[in-house]
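Two complexes follow with chain A in common, the first pairing it with chain B and the second with chain C.
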Partner chain A sequence: MKGYTGKILTIDLTTGESKVISIKDEVYEMILSGVGLGVWWCYRNIPAGADPLGPENVIGLTSGMLTDTGSCITGRWVVVTKSPSTGGIGEANCGGTFAPGIKACGFDSIFFTGKSEKPVYVYIDNNGPQIRDADHIWGLDATEAEEALIKECWTSKKKPVACTIGTAGEKLSWMAGICNDRGRIAARQGVGGVMGSKNLKGVVLAGTKPVTCEDPKGMKELSKRCAKRLKLVTLPPIVPAGLLHVARFLPEIEMGVDGVVTGVIMGTWGTAGASTMTAVTGEAPIKNWGGSTKDFGLLKINRVDASKLLSHQKHRYFCHSCVYGCGGECDISNTKYSKDGNYSISHKPEYETQWVYTGVLCCDDADMMLWVNEYLNRAGMDTISAGHCVAMAIECYENGLLSKEDFGGLEMTWGNAKSIMEFTKMMVERRGIGDAFADGVKRAAETLGQQTSKFAVHGGGMEPAMHDSRFDEHLAILYATDPTPSKHTTGGYLYYGCMHLWKKVSWAPRQNVVGSAKDHNVASEKESMKVAASAYYRRLVDGIGGCYFAMILGVETYPVFEWLNIATGWNKTPDEYMFIGKRIWTMRQLFNIKQGLDPWYSRPHGRMVGEPPLKVGKLKGKTVKIDDMMKQTWEVYGWDRETGIPTRNTVEELDLVRLLEGPVEQFTTEFSTFNAIAKI
Partner chain B sequence: MAKKRPSIDYEVCSCCGACAAKCPVSVIEMDVKKQRNMCLSVYPRLADDNGCIGCGICAKACPVEAITMYEYDENGASKIIEVEYAPYEIIPEKCKGCTACAKVCPVGAISGKIKEVHTIDPESCIQCGLCFEKCKLSAITRAGMATK
Partner chain C sequence: MKIELYAPAMCDFSRVDENGYLDIPEGTTFGESLKIIKLPFVWRKIFPCLLNYEKAPLSTILKDGDTISIFTPIAGG
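Right, the complex of A and B next:
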């Protein structure tokens, strides 16, 4: 009755052996559920040096600690595995309706290991798992496969939920993700490739078990308060997103606004609402991180901005238990390229997809971006990484490193929509030169030769998101020091201002409401403390199944600490919860160390830190002293200043030796073992 | 026989779909409706009144308490006050193994051989009460409630 089920399910796809394992309360008290539990299990069960696409890798689908407990905006599921693209811990999270499905089967997490001989999918209901043949859906895209699986498995009254991989996952792309709800995708870190390597096409969940917590009434009282504040913060759809251009008149003043204000933008336009502001302030990278608004100006931005997307929107939708509602369903049947694939309905592109396929490629064709969004959602490929690969290909072509013949006759120039679409298809299908780019820019540079690496923008093998690290040094530090490098949903100067952590956490530094842009460009201990606070807090939010946008509503509107206490009956202080966040953060770094990664591997690509600096635009002349900042921040995390390895003191203080290396019997009990191969 | 049905207060509803996701018989669907700011948005709707088993799990799942369960009988509707989480149990001494409860359970939480004592899996029980109503031997009980 603590919000979590206390059980995990492990399935060995090689042998079909399946185990239900009870996890002791002590583990939840130390690392929560969700990402903490996932990383802990992966650390203990993935051997050092394991091949990410080999049978020894483990992939976990985890639900949040507070999912389905009466809390709101806690319906995200996290995939945890060893990433093929970085070689370290791989994490990707996704909204939709899959997370409550995991708990409804009676588990906090489901882990897969081994490799099936032939394509299979796993069906789980109240009675446990079955491994079933998936020959008939292998080759379908993620959406088609999901619809087929739900139709096939909807044998009881309860409609099941499913996650699947698309063509990219089947072809073991390092940019592949796992999809649910017709194209919502846990995209990053190549988690879909890991699922594909196990010949696992999908997972179907049809459980109906209830989830309980200590005080459901108390949970709902807090949820109602949160929902009440957010319910009315949307504008009519006729309001143009172009209004947000006003941000450019505030070049030196930045406001750490009340996070609820972000609800106006998200609720009205979705995450794409941010594109106008990020473009004019310099936060959005342009022309593969080498350009400025001189290359992609306001007129072009207006052609692809959020108003354009809103004109296609049929209606808004919400993730499970979300009261925020940044998602939308679009009708793209009347766009230029919809006949290619016969697409009609699509998810509204979110900011990352929108910008990487427009600003980064200098292409103002919104119809192309809408098509690519649907195509990659179905193929199950990460749009951020794919967009960077296209940008790298264009630069290689423009600089004469690759020829028209190399691209099979494609004219790979900036803004050439047709070529961008065709090249994206080549990557998904691993056709021609697309094969070299299908595993991300780092691998492409290794294949194509050292001279192409200057166009391969990545940190530690992972392509960065559409938030420029030269604009905000907090982001630069987080891109560089996160054990899942180049992850943008951990924090940033402005985002920290929205979180209001100092109101609850004793050591979190205060941030003024109005500050100067220069404030976040300082490598000081105070700024590093802010970075650490948002990093630890983010791990808590991941642990409860929360959303980044809820996190920036502020700790008063989105009461994570209070919810945790009410759901579990614990009586921990916010400082104690932040200590749990620190434990999860450090555990992820220890996973990378165990897998043999040197923490310096995640140092961002030169373009991300202004080496050399840009000559024009808002970020002109800007260089980030990333090495000094990494050392400074590692020290604040309690990791060695020079090597980035967590110090002995830190590991002992966090009790991680016992948790990670102690006998597993201390923490688990085997509940039941059976063979899950379906006898049909 | 009185029937229980959810009533959704759309002034309070946040459209999050927690009720639809949790409904054990999938009779709540997400439909599209205009919001007060002119946006179209998804909303939950009881799509199949006959299919609804009145278990109230949608009301329990709703994070903002927008759903209230009502019991309808010949005198009209009366609001249901929910008891705290307490799964149903079978009293072994009274159970004759007629399987009526197992047949009516919508989530397959009841198991047992014919003419032998049945058991309810407390983890799977959604507390809908259909077995309680079906049992002619008053062999089903629940903490905090009197047997029939």
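Right, the complex of A and C next:
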């Protein structure tokens, strides 16, 4: 075994027909497992122009190539589908324990198509899948449904794992995600709405098949080295997160960073440790991307920072095979709003949730943010997108485009915690005007009228993450050119400095260490090469089931290339693997082209690129020359400079015509077909 | 000799070339190199400083090609 199982499972929820399909080794050698396999299958099986919420759409739950092989920090699962929010390729990934469950059932990925007549869940074990009635859990939140399913299906020694949708997914929200491990969520791109559209409430995995790789001993040795380096780096327990305000005083210079020592932030505070730094350096957007620390200053930041969250933390936790441990479980039973829902235990909020529900809404009520975090995790709704919708609603209200009556009597003002909470509920339940916002800001603007679009901050239908593209122009390019637009976990200027790809990849430019960061020309070929290197490498990391925070440990510490060779016995060079990353990256763009998207669709909203520039704050006067940068970077990807469509040369060089359009028999063999509708 | 250096932006990079290598005399110790780049004492006491990805005594004599990594605050999430 080469780390992958070589099989996928497909389930048609309309007919109940299920197929086990063998995938030939050549496919894995071309696109790995995980996201590569998922996009490939979706490209081949989703017809052009398919309704994302219709039965023709396919949704795949994929595990990583290295998941459960003995490698570390490779336990993430990726959902792949056609996204309702962008109309293009949809991807959302999540940690937790679900990914190894897919492989333990004997599959690399599980794909669903069709639509069940009534609510169902799918149970899979070593004997294959069963489609079971889910009437009794329809209407439960994602956490309640997961607990009910595990209790119902736990019949052997090993505890099953499950993923579920909440109310947002049931109501087909374009902001809905899919949850596992009590509210950890594959949140982006509306993947939960796709699952809801199929009447699929959950998937339970109870397989016990082992996963092995070509050289388990070598794998263990290499993983030990990675784990040892990370465990060395700790901080004294008394260090407050506010100390990170020091970042504001550091000069802006170009430099490489060792992600191993920087990783201490994740282990100590979790991702929320970022907020103190991002806010004061200008990296964190404030007041719906239109404000600065003049609107949400240090005192307010301190009221919602990571130290505040840590005061609720009971203990840290780790995803499958992780040695980082950025997650934490918090006791929120003594917070102001916990009685609304009777919440007691909650995941420590991620930075994205923490900031979008505080800085972006100018609200310094940490208890509100803790409540929203738990509420939306249970509802199964993306906090980044939901927070942007609230911000847009506030601006529409403050500018007289929507009235108090429109909001059912709510005063939608900046920092108004109670209104923010109630409006969030209205979106989840599609109640009143909440219905117009339940599918994201772009759709809301289309429904409410174009005057509102100036407050709808998005790129290609996706609300951006809490990293300002005016602060980091590499990020601006990636927001704009990623086939899943506005995605923040592909790279960025500082992150590239952490990856150290130039140490392994012959063409990856070195991040210089001296000189002003303001001096570099981002629209240059060299900078575009860095962006391309991040983009291709990230696809490899997704392909192995890896984590973004591990990726920035650097290639010396997080040995993706070496692990892949040890797992598979392929003996490929880093350059050859990066070519695979380029193939996956381009395949995603071809998916979008097939679905009729013009690549310019993902050009970011004006506020994201300083059109017009801010008048105050760290980013005062900054405008990103996004059009020039998009063209330059498309060219480096091997896509047409003017249209963003991959060139014929690129497509042929990557052998994508054969892979995507050639006879399926070249790549697969049907293993078995049977009816999966449960006879119970 | 050349030492690969990853250090926060407030340090003195005047002896660091554009590829990130610190030029120091033979026999320099780990602790002396931190003084050369003017790393604030408080920073060294609070945040991690590693030599070749491991904790090391400040008296360790550096060798050509060693790697020094010092905590740098960057954000993600």
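Note that the second predicted complex is superposed on the first by the 668 of 680 C-alpha atoms of A that agree within 3 Å, B and C clash if a C-alpha of one lies under 4 Å from a C-alpha of the other, contacts with A are read in each partner's own complex, and residues count from 1 in each chain.
As a convention for this text, a residue touches a chain if its C-beta (ideal position, glycine included) is under 8 Å from a C-beta of that chain, and two chains touch if they have at least 3 such contacts.
Note that the structure is predicted; figures quoted are calculated from it, not measured.
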item: Touched partner set for A:71, first chain B, second chain C, both or neither; value: first
item: Touched partner set for A:350, first chain B, second chain C, both or neither; value: second
item: First (chain B), second (chain C), both or neither touched by A:660; value: neither
item: Partner chain(s) touched by A:401 [first = chain B, second = chain C, both, neither]; value: neither
item: Contacts of A:645 with chain B and chain C, given as first, second, both or neither; value: neither
item: Contacts of A:262 with chain B and chain C, given as first, second, both or neither; value: second
item: First (chain B), second (chain C), both or neither touched by A:150; value: neither
item: Overlap of chain C and chain B interfaces on chain A (superposed complexes); value: 232, 234-236
item: Footprint of chain A on chain B - complex, ascending; value: 12, 14-18, 21-26, 30, 32, 35, 37-42, 51, 57, 60-65, 85, 106-109, 121, 123-127
item: Chain A to chain B touching residues, read off their complex; value: 1, 68, 70-72, 75, 97, 100-101, 104, 106, 126-127, 156-159, 161, 208-210, 212, 216, 219-220, 223-224, 227, 230-232, 234-238, 268, 314-323, 325
item: Residues of chain C that touch chain A when the two form their complex; value: 5-10, 13, 16-20, 46-50, 53-55, 67, 69-77
item: Footprint of chain C on chain A - complex, ascending; value: 229, 232-236, 239, 243-244, 246-247, 249-253, 255-258, 260-262, 264-266, 271-275, 277-278, 281, 283, 350-352, 466-467, 494-495, 498, 510, 512-515, 548-549, 552, 556-557
